[in-house]
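Shown below is the structure under consideration.
Residue numbering begins at 1 within each chain, and the chains themselves are lettered A, B, C and D in the order written.
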């Protein structure tokens, strides 16, 4: 049997969707309530890591393949840079080039919301990647490496 | 500030005790668990200090780290540490901590630092007062990190990117190619 | 348009793009990295002669937003980082073919360049720390890039010591923020000058000690040098060249200069200033002596070069420390200027000849497969270009006239004597001869002598590898001969930026 | 057709979750929530447990509340039982692992049964394999042969309600 016991699997199924929605909420409302891209991204990553722990790596990778995670990782960072660079059109790097909107509405405060989203993408995929790398990683033992080098 | 200070000190004591246990225990699993306890206490402390977003992040990261560390620990056959105590290291760190405490006493006792809980609000005052009208962002923390100092946040995102990339680079199976592949290429 | 943010944005963008494109296009790193570093290098050279400039990130005026500042000192470092970066990337194309994971390598390389550029143009203490972390973490990974046992050990050691330094720096920055309530360097400087009257209060003194330890560790000054002799030999040769050529200077020496001259206002005198200046001179002397003594006994070529780096960084620090002490004790400004100029000139020269030496060690290792000096010999006949350029660099670093290294050491020594520290100058002169001695050893064991068995099969390295060597060799000679040009346009603005703290405050805060 | 129904269901669940979290009917939030729910329903299909349509049956909700009340009651009772055993000078415990067979069908019901057993002091579910639950018990019965009595004692009181909630 791949993954953990039935209890863990079932309960994971119950909560994973909720965790992801909660993480997205934290990201999108980062400029109105406590939270933001870093916190939300970590929460979203946690959902995928939970799925990986409960069901094994194949199920998690079917939802978020490793290559896709790499693309999201670099793409999120690039998007952050580009949003910042977009500010140059109105004056300076990281100047707010989007409309400020209305206070206390979801679509307000200009570039902060897209920046939060970019960070969330970056953080969640990064943490997922590093966890999968640490979980799956198997290398020859250190002793074998030293013996190889001596030989 | 005054009404929560005792709780904060209690948490502080708890964290110190947890750290000492983590260092002193011979069983790796107990060490990992006490480190996690310290982390959870830290997240509660953030909550007391009025930073729920940091508390959330700290909590989630703590859970993640705990999972990874426990997984790492139980992979080992023997989770007990069997090593002699390095007297020199203990003495050195004691001396270092003594010096640090001495400096701390000098700074806090003398005229060095502002009073506890009354920071110098020269620059941050402006963030608090003009943050909402200037950025339209109700959460001042987010306003500071993603608007006033968004460039710093880009740097932090790059730090994360670098560490992930570095970890992936170091977790490669083989670092160098075989000689014949190099010749062929 | 002010190009300052481009120095960070271009390499960061390249670093994010390379792994992204690398998923489909295997040569993305080898193509994009040289291109972007070349653009950066040209931009940096064009920066020469421009007046000092400030860039307000996001349009927020300092101290509320982050300010980027370019003055003479930044320009000096920008030129060094980006040009050496370009040459090292060029060298990497052939040299790194024996490694796997090349897109990761080039991406990390660009991140390192971005971090160093970010440190050098930053006008904000915390921002400096953030980019210092980017550059440091990238260099930890790059040192261990070969993932062999030796590389991993060196990388791990570097990681631990570097993290200790980072924690110290963060603690220092936190202390400064607690005391002055600001992170902007110019704002902190003005606060120290006006509110504390230039005197160090205990908090600032502690923070200064942390800064000196943290940046000193990044610069590998002697009591904090333990990571360097392992990290440099284990890293791939282009990375050793970057580490020794620019990383320890931009993260260490530059940051020390900026913090102590422009933020702490060491030039204004006061009780704390003399302590810090004395500490700098002490670290510098220790580095010169211990680096020299340890280098002479090495038989591993790259390890010898690593210890030599410690010694030469000592000379740089000596010039700057003597200048700081003269200023702090109210001595003659012209002598202080001469000492600082000498330090900066030696730093600039060291960029050229130490990068060249590490790259040539890589070329030798590439051709012969060893860096053990006992197994080498007679390389002059088999690899004439590598041997010739190595010779140039060795003569220059050993301080043989008319090469550039001679002039910079001479300036430092003259300034030290003029400032009245004759004993220190004598030690420095003695160890200048020690430097000469171990480079004669390098020449005798590697370049001349009988052709050894390993060298027998060696061939000259491909053109992509020896072109950077030739360019750097030209620089080694050129810096000495072209001193009138370089001195006026690059070094003197850098010195003036350090010595006029008030101007810096005026520039940033308006 | 079946997958379409399933997607629709996922969409509704995610959307309701979103509305509960934001707790406002500002049109911006609602529109964003709808778009997100759509994306989740398409991209993350299969993450939610099967048979989610059971969420819309009021009868099941009613039994869920009954189950919660009974669970709370049994937790309190078991607390007193454990308290008595701990405080008793003779320490009358007989710890051991028993294997019981559950009559519940769906995975969710089994998992909740296991969790209910674990939440009750004195008993702790270790694993579920097919229909068998392995439970660590603080005071195993004298008569181990009487499997039905054991099952009834541990699981029976929860099975009644859980069957109506999930099966």
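Note that contacts are C-beta pairs under 8 Å (C-beta built on N, C-alpha and C of every residue); 3 or more make two chains touch, one makes a residue touch a chain.
Values in this document were obtained by computation on a predicted structure and should not be read as measured data.
When chain centres are taken as C-alpha averages, the shortest distance to the whole-protein C-alpha average belongs to B. A count of contacting C-beta pairs for A-C and for A-B identifies A-B as the more extensively joined pair.
Between chain B and chain D, the centres computed from C-alpha atoms are 36 Å apart.
Chain geometry summary: the mean Cα position of chain C and that of chain D are 62 Å apart. The geometric centre of chain A is 20 Å away from that of chain B, both derived from CA atoms.
Among the residues of chain C, those touching two or more other chains are numbered 12, 16, 19, 57-58, 148.
Counting only residues that touch two or more partner chains, chain A has 73-74, 77, 81, 84, 93-94, 96. Interfaces, counted as pairs of touching chains, are A-B, A-C, A-D, B-C.
Here chain C touches chain B in the complex through residues 12, 15-16, 19, 57-58, 60, 63-66, 97-101, 104-105, 107-108, 111, 114-115, 118, 124, 126-127, 130-131, 133-134, 137-138, 140-141, 144-148, 151-152, 155, 178-184, 187, 191, 201-204, 206, going by the rule given at the top. On the side of chain A, the complex with chain D involves touching residues 5-7, 9-11, 13-14, 16-18, 20-22, 24-25, 28-29, 51, 63, 105-107. By the touch criterion given at the top, residues 1, 5, 9, 12-13, 16-17, 19-20, 23, 55-59, 148-150 of chain C touch chain A in their complex.
Against chain C, the residues of chain B that register as touching in their complex are 103, 106-107, 110-114, 119-124, 126-127, 147-152, 154-156, 158-159, 161-163, 165-170, 172, 174-177, 182, 185.
Taken in their complex, chain A has these residues touching chain C: 67, 70-71, 73-75, 77-78, 81, 84-85, 87-88, 91-96, 142, 145-146, 149.
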